[in-house]
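Okay, so chain A shows up in both of these, paired with chain B first and chain C after.
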Partner chain A sequence: MKKRSLLVLLMFSIPFLSSCSSFVIDDVLVVQGIGLDYTKDGKIRGTALFPLFRESTTEEPSTISVTTDNTYNILQKINEKSALRLVEGQTRILLFGKAYAKHNIEEIIHSFSRSPSLGRRVHVAVVDGKAETMLQAVTKKDVKESLYITDLIEQNIHTENLPYTNLHVFFSNYYGKGRDVFLPYLGGEKNEIKLKGLAIFDKERLVTTLNMKETFLFKLIRSGSKNGLYHTFIKAEGKKGAVVLRNLYARQSMTYSKKNNSIKVDVHINGLLKEYPAWVNAKDRKQVHDIESQIKDELTKNGNRIVQDMQKLQVDPIGFEDFARSKTRHFDWKEFHNRYPDMDIKVNIDVKLTQTGIGE
Partner chain B sequence: MFSWLRGSSKKEEIKLSVPEALEILHSSSDFLPVSIGDDENIFVMSYYKSLIDAQDLQEQFICSVKRARDDIKTLEDLKTYIPYEDVTITSDGKKVMDNLLEGYIAFQIYKEQKECALIKVLNIEGGFRTENDTENEFSVTGPKLGFVEDLDMNLYMLRKTFVTEKLSFKEVSLGNLSKSRIVIVYVEGITNEKHIENVTERINNIDFDVVFDGSLLDQLLSDNQNTPFPLFLGTERIDRAIQTLINGQLVIFTSGSPYAITGPSSLFDFFISPEDYYLPWIIGSFLRVTRFFAVAFSIFATSMYVAVLTFHYEMIPKDLLGPLVYSRANVPFPPVLEVLFLEITIELLREAGARLPTKIGQTLGIVGGIVIGQASVEASLTSSVLLIIVALAALASFTTPTSRMSNTIRLLRFPFIILAAFLGGLGIVIGIVFLLVHLMRLQSLTSPYLAPLYPFRSKDMWGFLFRPPYNFSTARPAYLRPLSKWRYNPKRGNKTKEIDKE
Partner chain C sequence: MSKLVDEKFQVSPFLVFFLIHGFQIGVGILAFQRLVAKYAEQDSWISLCLASFAIHIVIWFCYKMLSEEQPDIIAVHQFLFGKWLSKLLDFAFLVYIFLICLTIFRTYIEVLQLWMFPLLPTWVLSLVIIAITYYILTSGFRIVAGIAFFSVILPFFLWVMLIFPLQFANYRNLLPVWDHSVQDILMASKVFMFEFSGFEPLLIFYPFIKKAHKSQKFAHGANALSFFTYLIILLVSLVYFNKDELQHTIYPTLSMAKIIEIPFIQRFEYIVISLWFLVIIPGISISTWCCARLCKRSFSLRPSRFLPFLFACLFAGALFFDTRYEINSLGKYSSFVGLFLFILYIPLLSILTMIKRKWHRMKKKQKEA
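Take a look at the complex of A and B:
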């Protein structure tokens, strides 16, 4: 009897004990983007992007920005400015201003990595300029969609040159030994939003950026891929013309030799010659072979240059170190780290043109 | 203390004489003592006018008695002169009373005779429905013949469809005020005697006044009365009753009820439609799986809506966020009130539709469904997304082939909605845990209710989740402990295929 009355008491207390923290979906502001900037006087400026759902069936993205001493109280400070409670659980994009990325991203990564309400498919990106302006550009008339940047990055990952990234990959590169962080690099003048390439980090600091052409090669060298376009020039019979190569399918393989202190990267591209000058006869195997070898030389040359640049900066976003570790028993991190800049890393990109569009 | 209310047992021990018994019955206006014959020898017949086939009585009985009136000196003589087989001679007043109520007439040679002959002249067709189109358990294919209110008719129909000498009936009676006839049907050599003994013992232990429907008996027999789940499968379909008999279950008929109780039942029995077995196994299996999905959807859809919109905004897909928020933008209530409002509206519509005559019921359903739904969205009382979810959930709950189980599903939603409103997804999980524990503890005639699932019997499980092809449904479910395991042998059938050869 006592047991039963206790159970009844428990049942009745559930509503009173549990009704304190609900997130009714139309009573909260659902943050979809967070931007972080480093101001000139050493403070941090945080921006939250969220859609406002009004009576009509269009959303209205809007932003709130605050300036604080450290990242931990950004959300709290933004809440001080907002009528509805802000919640971070639907965040889709995290933007770093270039100054902030050059300063130090450790603090925000630490707090993001432990937040249970964040999904791991959040995209992280670096902005050439201020993250605040980029998030405000989303609210402007010709965009007006709070998921614009997220969709832009996702679209480019799936169909174009951008390598696969999200918060998960980012954490893996950040916390994983033997690899460095790379992030999409956004830019654009005025209210334009544009993908500019990749931002390469050394631990928690931005060191260099790659343009879109280099990003295509980076994606190939890192993992091979299924898509992406490369624009280049060819010379034949004394004429010069532009060609566009579409990567249909690329296979990448790496070999590590400790004895020679060398790594060899082989990439095989099955490509489609998407655009080419009218004077090229695509039916002529000889001409096509000639184009293949010209593109191959160009790609190999540029690929090697990217790798050498990374070696010079002592960063390793492609993960050569991690690869070497996977092939070596009793791996010595320090020793490898010391010889990494002088290592003989050879990239060889092989192109095979399997398609040239509809023939005559 | 109240034993005098229940009719003391002492009275039954006092033997009634026949004249005393007739005197007691005389108080009812439809009880007639009729005298026939001349002054010398008056025969007295006593019977209930309402139970007797008057034409039969006149043409057969009275005529033959009158013709042979001089030869009838004793009651034994009567047997030779009347065209009836069922004649018993008794001096037990109690028995006379019981039999007169079942449509017998009492025949005496002279008025105060201590003995009487009991002859059955029952009016069989009077008042009862003779056809039942099984509209409550409708199926497109298969026989559309159901049980009716008349018990003897039911037994007749069963015997006619299920032709074997192994089909056995066991009749018992129940009720301290009105004696209801209850018939337990089983198949000898298949049904486990334990079930039969169990049911017989339970029926003997019941004290109830009038059992006027099978569903009353269902509740009186059940192992646990404090559960929303039906513990016995009630059916009015003959094919379904036969199906359960083949599997090794019992069928129990009650006089005056078109519903046969079958048992011991398992939870999965309630989701099996006889139609599954009339369609090709691929289609039958698909329909059955759809039905299970529909049940899960019906129970959890609205509570999930409440949980997600109240607590788990994180898990809403990004493209769904906008539509969900728009549709709720002007709704002044929290999601739980919104859901309860719509769910109760649907329940009202259903209840009203069930009580009203069919044609008005249909109109009401349309008016209620379309007009009220549309209007409440326009008035911002509910969101349009929710309207779709609730309507689909209601629709899904109709897919269960047994109406009693669909009532249970209707009820189960509400605790889940309330739990979801207080604790979100955790609340739903807690609800599921309680539900599973409850289901595991349930028993139907002391066999486990969640049977092939818990205790787990993989071979039986396939036969419940899917409708296996007939080559693979040869064994009876083991949890029923049938006396013979195999139903048939598909290999024995086709040894030569001369006809198929081309």
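Take a look at the complex of A and C:
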């Protein structure tokens, strides 16, 4: 008897539970990309990218843009313009226009870090120009794939020069003391979507950008890496020629000396000479060694230049400060911060060519 | 002396392992990282070791206190303090257990509302959980123990979840070791102590265990497994989040699940939250069972009369603590009481019991002599 009454109670609770809320894919607007721009008159322009599901199985990327004076009500304003209800759980990309990134990204971080519906593998990137134009480029004929930018970034992280970034890495760089934010930097003219390098932030403001070559070095210095290509020139026997180094596997190690106020970064690259001039004899050990040392000098010189630039700008995307903290008891942030610009940071990049391809 | 509980209602000693471990792992594990990292940051694991060791000692005290003659805390109270004062203490213990139950209950509902159903009112979720708990309780202690068993076994595959965040691990976050003062580390241990609460129902269900004195190793084992669980989750969170980001994260364990992305399910934390119901259900059912048992033993109230009243209190309590701030302070109150119980009350009680027993024995010997 008692059990039956309980069963009835449970049955009664079912309609309550099932009436929560339903999300049928045709009835909602699945936002897959959000773009933010800062307009000339000091307002925020937000763009949402979403696939429109038509009757057939195809989907068509499409965008809605709104202008508001405040970051927080962008999604609400977009909702006002949409026939379908907006859901943000499938967001894969968040783009900042360059002007917006230079202005201040604090508000949007604050809002996104508390939102329970965003995943942590969302990619964040800065656009040279306007985020709106880039999201619209996705809807154009030659792309027509709403996940295009995400795939582009992901692909480049796994196979090329881009260091690993996503919303989680972004948050930990932003909130963490002793490190600064770096994000992929996208660009391209006229409906073209292209990776241009890295955007470096000082707290919540964009301060500088790196090109793809520098990004390769940045990735090496920051964490060592697999993959990545570097294009440079060598000179031998009075001739000059282009070579492409492919990084197979690089190891990075750092040492910090408080006494000398110095940090030493050692990077060992196991590389492959992907392209080299026909007059180079890859069998000749001496010549290969010569090429190794030329590439090594070039990489070390440029690596040191990047680090010095960062010091001059007083930003620390590589995380030297965090490294020093992990090696110091009772670390004094303020004191380190003051001596960071004049700190003696030496980068030393070593190259070992292990392969030169299958033909000679 | 006749046995307090008939053998057909008793459970095997090894089930103590599941009863205690199932209760110890509850909602606390979703959110403890931020609270401890506030004090001891990368050294929190030291505090965790200290806290777990302290709880082992408290469990040892519990087993010293309970025996054939005084098989539960009600008997111990009566033995030490006489008829009337003991009833007052029983009632205080009941309030404490109810407070823990309410904390688990309300926090889990808050998690559900925060992460999955912001529009769903508290009373709907409360009713559903209460209905299930009532259903479990009407079947008696053996079923409660069975539920505890399954709630430990079934969510076990969630361990796999901890591999994914390691992809973004920054092991430097753990360095330098021992960078905090002893005071900071003890403060963090204090927070941890309450995370291990869940063994104290032992003081009530002890007579329900066959060859109860033999179950001590299982109780320690349960505590050790809880320690291990906390340790792994703490270490993974510390390398995944840096400490400043951790301070911005209310439920780090769930936020970590956000990084998991499998092709057919984008947002893994929804699965974790739903499965977590299995993890909290033994906590709620054991604690409500204990309240009913306490009432029966101490105030001779029949559980079938008392349970509806208890659930009404739970329901009202869940509606009363409504905002984040209130739920937070509810947790703070119960952890404060818990700390007092672990550090002072249980050891004191067991020392007093041991002294009084010895004294009785000496008296007996004198009489015989």
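Everything below uses one rule, namely that the second predicted complex is superposed on the first by the 341 of 360 C-alpha atoms of A that agree within 3 Å, B and C clash if a C-alpha of one lies under 4 Å from a C-alpha of the other, contacts with A are read in each partner's own complex, and residues count from 1 in each chain.
One rule holds in what follows: contacts are C-beta pairs under 8 Å (C-beta built on N, C-alpha and C of every residue); 3 or more make two chains touch, one makes a residue touch a chain.
Small disclaimer: the values here were computed from a predicted structure and weren't measured.
When the two structures are aligned on the shared chain, A:290 is found in touch with neither chain B nor chain C. Comparing chain B with chain C, the partner in contact with more residues of chain A is C.
By the document's definition of touching, of the two partners only chain B reaches A:147; chain C does not. Of the two partner chains placed around the shared chain by superposition, chain B and chain C are both touched by A:90.
In the superposed model, A:28 lies in contact with chain B only, and not with chain C.
By the touch criterion stated above, A:350 is placed in contact with neither chain B nor chain C. By the touch criterion stated above, A:327 is placed in contact with chain C alone, chain B being left untouched. In the overlay built on the shared chain, the residue A:119 is in contact with chain B and with chain C. Residue contacts after overlaying the shared chain place A:53 against chain B, while chain C stays out of touching range. Residue overlap on chain A between the chain B contacts of one complex and the chain C contacts of the other covers 89-90, 117, 119. On chain A, the positions that touch chain C within their shared complex are 2-3, 6, 9-10, 13, 16-17, 20-21, 89-90, 113, 116-121, 164, 168-169, 171-172, 175-177, 179, 322-323, 326-331.
Listing the residues of chain A that touch chain B in their complex gives 14-15, 18-19, 22-26, 28, 30, 32, 51, 53-55, 57, 59, 87, 89-90, 92, 117, 119, 147, 150. Residues of chain B touching chain A in their complex: 308-314, 316, 318, 321-322, 324-326, 328-331, 334-335, 422-423.
Those residues of chain C lying in contact with chain A across their complex are 114-115, 117, 119-120, 124, 127-128, 131-132, 134-135, 138, 168, 170, 172-173, 175-176, 179, 241-245, 247-248, 255, 258-259, 261, 266-267.
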